[in-house]
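First the structure, then my questions, so here it is.
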């Protein structure tokens, strides 16, 4: 039977994937408290739907950093898509483009950023990890600019790798060497945390590129204020899918204080735990411009390649549209906090 | 053994019904969060019973829209009773009439509204969906008036069909074509959401009928205020049994803010999650004039036809009466919020 | 192995008792929500123990209505002890007397109040139900006075019998006729609720006896105020072990508002959910003069007759004493709300 | 496979230990509510991590009572290590010393305090129970001074032994006589609670030793104030691992009120429920100078002797360091309550 929600894709993906690879994507850090809480915290928020509104024309199209997209749902940057499907990030990009939304390609892709750009039909942002040195990072940024990426998303919550015990227990090199770090071929051994990525790095990054610079991994109002002071164009509220520090606030919990601190000075996105259209509706009602979806994209990719990615995005789109109709919101602009009971 | 509570009827009904039909009635939308919460939220409210009151004469009789009934418990409008029992809505109407209470017959009945009216011995209201056009709706209203229905209950929370995955997974046409939409024979294909049902529709509806117009599906104080402004005679607080937007506030949670907003300007009813007499007592204490009971009626109908419906209503009546006695309330008028610890 | 806590006695009792009788004692009303909550609510209250107090001499002796007892733990009135043990209430009275505490004998005893008085070595109160008429009740009170009972405890939360479904499902006359209502031999058929028991009944009761009149079954500050106004000598906060109105406030939850309303004008006792010495400590810290223990007494009785009752009381006494030592309270008077974190 | 967290050591220890000994260490008192809550309460506190801080040099070294240690993690005093490993406390001391942290040796050790001191390479404190008489206690203090212990930690929460039902159910003398109380050989039978240990005992203890006097087992601000008034050098917030009064506040719950009451006048440590580096981070953020770890040390000891103790401490150290990096705290001094969402 055709999958009807993202959980159906989760089941399919688990059946089809190498268990070590499955665990790589599915796992969180330590006791996976945050992994679970990211989803659970959505259930604490109840909706207050309004009735008798004309919702026959329900419009989900929006823009992020000025780029028009068909829905406020972005493909989150996740690593090594070739573990899920042989075509890797190229298939993901095709799936996202097919529904006219944006993909954020990861530094840790198993296809080069140029290959992904070539495969893509929709807009792309490039997610940047600064692993080795600022020079290497600058090289990646230049390549991304040349390949047509339209923003740089610096991930800031990985000064060290989180304690992901599922992967550690598999005790095997994962992924197999030829797949990893397509963007770094010839550069040598990864060595996270040797470069200090600080607020000054944001300043530097803005000097070497004219693309908008966004940061991903902010969970406090204090850091949101600093981000604004350092000129970022967007903030992605995220706890890295529960894979970095276990026990942190959830993304949906952190979102309101960040939206309040930003006060409209840049776009705020939300990443982590989205599984239903109503989750997206709740994030938008709390002030997110759009949400990022990570694991469900991998599930679609593993289950059915580009078509699976497209289907997962379509399901979430349909669910969001239905949530808007049933809540009495014909437009994204009409969604606000009065639709929530916190 | 004779069933002693509504859950016993639930068990019987599940045994006797076609699983696809069972799932149609039992299911909610998406992850069925609201379906579960409707019941659970009653348990959060504790009773503060008063002692040493003379409760030998305990009176549950009341009126709704001026119609005298034996208990503040109404038969909720639910679709397609022929899926539960061959006599369908006619049996339901007989069961309700046998205990002198009111049935709200659904637009989506599998018996025509005229057949139901003929079978009924108690008062009837007609629940209206506006599916096709205002003309079709007006036709139904006229037929309901002629058949003796005493109010029109417009359901306002279905601008689109909720995502009821249990039904979608059965993947079969349900119900079989001859049964459905007895009221629409010869009208053609259902097409929900093509008519925009808005507050203006309420105004229009009031112009075409002299019957009281009630609306069903309100969950916020804001909409309750609008409903009053548009001249409704009654508001049914309801989330459609958890079958429309998943994750909304529960009916019992929404009730107080609506009662407060209405401030006595029309009657307020409550629908969703009633399984015990104490649930009814709690709804009344929060200001409901009466409650609607949906699934338990279907259980009684499936288990034992008209007699099962009658028994389910009798059980709830007996339980309500006992709750009143044990709480020290000899009359419905004596029930108020001081009997609750929220 | 020797039982070391009351739950061990629960296990033993369940093994030894007729299942219908077990269910009679174990069950609550409706969905048994209150039955469970009575115990659970104790766990919500945490203790704030004080250290470095000399607790070598720890004294639990106290008085109730001026009667000295060895511990603030009373035997609650419960019905038909012959269902648990052939010697019935006589064995219970012996067990309570052996540890120098007080038993409240039930109107619904399977031994006459005179037999119980004869068997007892400790003080007794008589629990009164007014089933038939004031005359019958007056007769019981006179008999209790003559037999040496030292207070009358009128149960006020039974204007009708709660909906105890476990017993209803057994569908057999329980208990077998020769056992029941030893106090009513020759009086005829029980008919609860035909006599209205009201505040005026308290006034009347005080005119026909010089014994202190206590009432059992109060759950609100309002009723506590009325009780004081009607001259009661003691209030027993109780929800009848979750056997009357399901979903009411728990006894430990209701206790503080009642203690506050009473403001020292009479003694307040607490009944329901006591299983550990720390439960007793919590009730005392919230202002109870003593607690009543119901089901655990039945468990001791069923497991080992008078000796089992004595052991259950000894275990609770030992646990209370240990709780006092570990909390830094050498006397009952030193226990107060500062020892709790609510 | 090599254990990767303390729970792996728990599993190993359970496999290797005599079940009665396992239960001795694993169990709590009564219903083990506090045993469970000690860990659960950590999960209620969420972290607010800060990003873009240079955390390449992350320093966990600190001091307690002026003694430099490599991490704010101390070995809690626990009894009878020979039940876990044949080398007992000597192995534990070696393990702690190997990672340059401090062990608090228990009065109830199965090795004499002199043997432990000889085996140790790191700093030691001596935990004191006053069992028999002040003279015996004074003798222990003098021996501890001579052996090089650098503080006396008086445990104040054991005026009587908690009701540890797991041990009672084993019903066997545990531990076998030759092992116990190495420090008391020739002194005779243990008789807890015959000496009243009060605030005056603290005063006395300070007169007989020049070592810093700390007290362990404080759970309220009131007692913390008294402790300061009586001149203690440190307070260890502890509920004895849930083994004394069941249902008390948890250590992490009590910590803030104690830190506030102490207001910097002495060092405050926290003991109970630490299983992850993030638990330690939370305790430090609430004002603890360091934490004590009890059961996990026993697990390491049982699994692998001195090396297991060292490994458990190393794992916790590594986890703490990672938590600091991921939270944006390069130093212990930078950790404060703004990193928590309570």
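Lettered A, B, C and D in written order, each chain numbered from 1.
Here, a contact is a pair of C-beta atoms (placed from the backbone, for glycine too) under 8 Å apart; a residue touches a chain by one contact, two chains touch by 3 or more.
This structure is a prediction, so every number in the text was calculated from the model and none was measured.
For the two copies, chain C and chain D, the CA superposition rotation is 90 degrees, given to the nearest 5. Centroid distances built from C-alpha atoms place B farthest away from chain D. Between chain A and chain D the centroid-to-centroid distance comes to 43 Å (mean Cα coordinates, whole Å).
In whole angstrom, the spacing between the mean C-alpha positions of chain B and chain D is 60. Counting partners per residue, chain D has no residue that reaches two or more other chains. Because contacts link each chain to exactly two others and close back on themselves, their graph is best described as a ring. Interface residues of chain C facing chain B in the complex, by the touch rule stated above, are 30-31, 33, 156-157, 159-160, 162-163, 165, 168-169, 171, 193-194, 196-199, 201-202, 215, 217-220, 222-223, 226, 244-250, 253-254. Those residues of chain C lying in contact with chain D across their complex are 1, 4-5, 42-43, 45-56, 276, 278, 282, 319, 322-323, 325-328, 338, 341.
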